[in-house]
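Two complexes are shown next, each including subunit A; its partner changes from subunit B in the first to subunit C in the second.
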Partner chain A sequence: MKTVLVIGGGVTGLKAASELAGMGYNVSLVEKEDYLGGQVAKHKYYKLAPDLRLAGDVLDPVIKAVESNPNIKVQKHSQIIAVSGGAPEFKAKIKNSKGESEETFGAIVVATGFGHFDPTVKQEYGYGRFKDVVTNAEVEEMLNPNGPTKGELKRPSDGNIPKKIAIFQCVGSRDRQVGNPYCCRVGCVVSTKQAIEIKEKYPDSEVYVYYMDMRMFGRGWEELYGKAMEDYEVIFTRGRGAEVTLKNQQLSLRAEETIMDRPIQHSVDMIILAAGMSAGEGTIDAAKVLGIKQNDYGFLSPKDDFLSPNESSKPGIFIAGADKGPMDIENCIVEGAAVAAKVAGSLKN
Partner chain B sequence: MAENTDKMVIDGVELTGIWKEFLPSRILYEDVTTEFLDEVKKLPGGSTIVRCYQCGTCSGGCTLPDFVDKFNPRRFIDLVRRGHYDILVNENKDLVWKCVSCQRCTHRCPRGVNTQEVVRAIAKFLEDRKVFGKLTNDEAFDEIFMEEVIEDGRIDEVKIVKDFYSKTGRLKEMMSADQLSLGFKMLTSGRIKLFGGKIKDWKKVSQRLKEELQ
Partner chain C sequence: MSEENKNPVTEKIESAKGGHFYKEIMKDFRIKESLHGCLNCGTCVANCPAAAFYDYSPREVCQMIIEGDEETIEEYMKGKIWNCAQCYSCKYRCPKENSAADIVMAMREIAVREGLAAEALAGYTRIAKLVLTRGNQLAPDMLSPDAFPDWGPRMIELSSKKMEMREELFEGFPGMNVVDRAWAAEDYTIYEMQKIWEESGALEKVGTVFPFLVDIVQDDMEDKKDEMEAKIQEKKEKLEASKK
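Right, the complex of A and B next:
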């Protein structure tokens, strides 16, 4: 029986591994961090849109399915440093704290995922200059009861709970300036979800969302948007945040209310940047080591976007999840299962 | 040089630079307030205002713009929601009343906003804030009409005409020969009666109505 190498222990990799193991294949899961769960675990995602169910409800069963399966060998703190050979026999060098080892695999699944866009590049938003300008991932950590603030949304500068909160959409997405002209696909719904969570926790607070378009295409997302407007009175302003300054020791944002053709200056206590997705470090490394094709933005290119979405440019190497482009957790799990089926099919031949 | 109030000093370093001194920013307003939204929401018919996502279906299909330039329900809603009270009063206080209640907007709204009622609620909101100054004839008549309905449960023609003229300060006009002869003709032909009939037990209904409208 051939062994399948799965690179990446995020939701996609976990799902792919457990599906393949379920079909009787031996799987070796390689994760560079010392925990499983990828970005979801790293940034302690608290609740998931649109149902506001706990991220743990989704992630824990997926992790458990992998850890409890004897056919899966999980190698944490490990990285693939070189791969030679080709389908159906790859030789991969795996490096970890104990040293290097070489193993043979029948197929490789790349599920290296995405990275959060670093908004320091967008200097006008003052991330890194102003303590109270934070990213959506940091808010996720704050809202999680197991996070650094024990579930309280606190201003990093003074530890107070902010009263007026602004959320900037499309930070590092749909932006040629930073080389990311694509849509991050999840920012809208994550911001809406966070706005609802904040309003639920602090009903006195005011949450303002500055957006270009609300792209609520997923299951239940548009309804969530309606809920945010109707039940939680989140104020949505069409107009991209332009800049953040300090005015009388308070954060002051500037934007245009494009519907009314009116530039606006607005003083708030905290600004959340809905930073988009970019190709993760792991994805860029994997592309280099495996020699598979990337698109203009660093994500991995499928052999054919329509007809073989899970095959890389090289036979025997399969790709799935957010390393192909921005993707939500729901679809990552679908991708994980889809790639498992594809791998199983190819190993049979 | 004008004093720069927007200086941004971080760790002793001024970051904004001098350019702000000679490049005035085009800020038309500061801050957003939901004060007015909260008020309109509580008025009868105003609750669905929060659903609006500013698509413009209402204004796009509105009957009025052909006749009343600048009549724009979407804009009224946005002005209230974002607290642009000054614009609402200065530019739109005479417009919001022009709605003819054809209900096209209400039936078409993809978000289920009861647009006609919301526009009505905005008009009521402005009325409550007494932004209209002197009453126009229409408004005075509306007011007397409603008062009379609530008070007596029916309209007494003689009384309403008398009240209308006195409210608009034109009692003299009512006593003109024209008006008097018209009134006499109507009286003799049975079109109007000097004393309208009473509705039995209306007092209770009236009381209840007044409570409700409080």
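Right, the complex of A and C next:
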């Protein structure tokens, strides 16, 4: 029986590994960090849209399915540094703290995922200059009771709970200036979810969302958007956050209220940047090591977007999840299962 | 539908796009580089110093060109586009990399060429005259405190003594102790500049906005002509001699 190499221990890789093991294949799961769960674990995602269920409710069973399966060998803190050969026999060099080793695999699944866009390059937003300008990932960590602030939303500058909060949509997405003209696909619903969480925890706070379009295409997303407006009085302003300055120790933002046709300035206590998704470091490394095709933004290109969505440009190497482009957790799990089926089919031939 | 039954509010006139001014604008090489559709996100307006104070919106400029309505374009070329400060903030912030500032620049050139700019630029007559006849844009005399009440009484007092102050300040610097211009350029320099404007056709363009200024400049040149042409001749001969 051939062994399958799964690169990446995020939700997609975990799901692919457990599905393949369930079909009787041996799986070697290689993860560069010393924990499983990818970005969900790294940034301590607290609740998931649209049901506001705990992220752990979803992630823990996926991790457990991998760790409890004797057919899966998990190698944390490890990286693939070179791959030779081709389908159906790949030789991969795996490097970890103990040294290098070489193993043979019948197929490779690349599930290296995404990275959170670093908003430092959008200098006009002041991220990195103004302490109270934070990212949506940082807010997840704060809202999580196991996070650095024990579940409280606190201003990094003085530790106080902010009263007026503005959320900027499309930071590093739909933006040619930073080379990311694509939509991040999750920012709208994540911000709406965070706005609701904040209003639920601090009913006296005011939450303003500055957006271009609210793209609520997922299951239950539009309903969540309605709930945010009707039940939680979150204020959605149509106009992209344009600039942040500090006036008398208070954050001041500029935007255009595009429905009323007027430029506005707004003083707030905290600004959350809904930073989008970019190709993860692991994805860029994997593309280099494996020699598979990337698109203009660094994400991995399927052989055919419609007909072979989980096959890379090279036979025997499969791709799945957010390394192909922005994707939510729900769909990453679907992708993990889909790629497992494709791999099993290819190994049978 | 008969003419009488048309609703003047809701009716969109099909033939409005593609008029003369629209075609002239689209012919300009800058437009293709400056307009890649518009998300209507408002980033440009939020950053625009002109939008904060005047009836001007870079987003509206982009939308107007996309719609291409001839009447609206004409109206803009006569008025709103002249409120842009040409700071290019819109260009460097627009997530679509559009540049309303470049569109405005192209439209201004066309407006001048098509004779639509006279009214909007009427307020700049004194500046244009000073540039064309003295080689300066602004003179201390033009900054009358009456026009700037926010300067306060101290400035009114200082303004009344500006000639004395400049004489004292620029003692030993001939040409700087004047108030009818910022500094005095040499006659020869001004004449040379005027000749360049005349030969290059710039003066003719100025004439489409300020027709009387052409006469003033030409009179000014006529007055100095003999003396200056002799000087030019002298310089030419000197140059020839140095070549040998």
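In this section, the second predicted complex is superposed on the first by the 349 of 349 C-alpha atoms of A that agree within 3 Å, B and C clash if a C-alpha of one lies under 4 Å from a C-alpha of the other, contacts with A are read in each partner's own complex, and residues count from 1 in each chain.
To be clear about the criterion, a residue touches a chain if its C-beta (ideal position, glycine included) is under 8 Å from a C-beta of that chain, and two chains touch if they have at least 3 such contacts.
What you see is a predicted model; the values in this text were computed from it and never measured.
J.: Given the touch rule stated above, what does A:I235 touch, subunit B (first), subunit C (second), both, or neither?
T.: First partner only, subunit B.
J.: Which holds for A:R129: it touches subunit B only (first), subunit C only (second), both, or neither?
T.: A:R129 sits against subunit B, while subunit C stays out of touch.
J.: If you stack the two complexes on chain A, which partner ends up touching A:P263: first (subunit B), second (subunit C), both, or neither?
T.: Both partners, subunit B and subunit C.
J.: With both structures placed on chain A, which of the two partners, subunit B or subunit C, ends up touching more residues of subunit A?
T.: B
J.: Taking the superposition on A as described, I'd like to know which of subunit B and subunit C A:R176 touches: first, second, both or neither.
T.: So A:R176 only meets subunit C here.
J.: Contacts for A:A341 in the overlay, against subunit B (first) and subunit C (second): which applies, first, second, both or neither?
T.: Once the two structures are laid over each other on A, A:A341 reaches no partner at all.
J.: Is A:Y208 touching the first partner subunit B, the second partner subunit C, both, or neither of them?
T.: The first partner, subunit B, only.
J.: Go through the superposed model and pick first if A:V58 touches only subunit B, second if only subunit C, both, or neither.
T.: It touches nothing on subunit B or subunit C.
J.: Regarding the shared-chain residue A:R254, is it in contact with subunit B (first), subunit C (second), both, or neither?
T.: both
J.: Once the two structures are fitted together, what part of subunit A is touched by subunit B and by subunit C alike?
T.: Shared contact residues on subunit A: 238, 254, 257, 263-264.
J.: List the residues on subunit A that touch subunit C in their complex, please.
T.: Listed in rising order, the residues are 124, 170, 174-177, 212, 238-240, 242-243, 254-258, 261, 263-264.
J.: Using the touch rule from the top, collect the residues of subunit B that touch subunit A in their complex.
T.: Checking each residue of subunit B against subunit A gives 5-6, 8, 10, 15-16, 25-32, 34, 50-54, 75, 78-79, 81-82, 84, 111.
J.: How about subunit C: which of its residues touch subunit A in the complex?
T.: 36, 39-48, 51-52, 57, 59-60, 92-97
J.: Given the complex with subunit B, which residues does subunit A contribute to the contact?
T.: Touch residues, subunit A against subunit B: 129, 206, 208, 214, 225-226, 229-230, 233, 235-238, 245-247, 254, 257, 259-260, 262-267.
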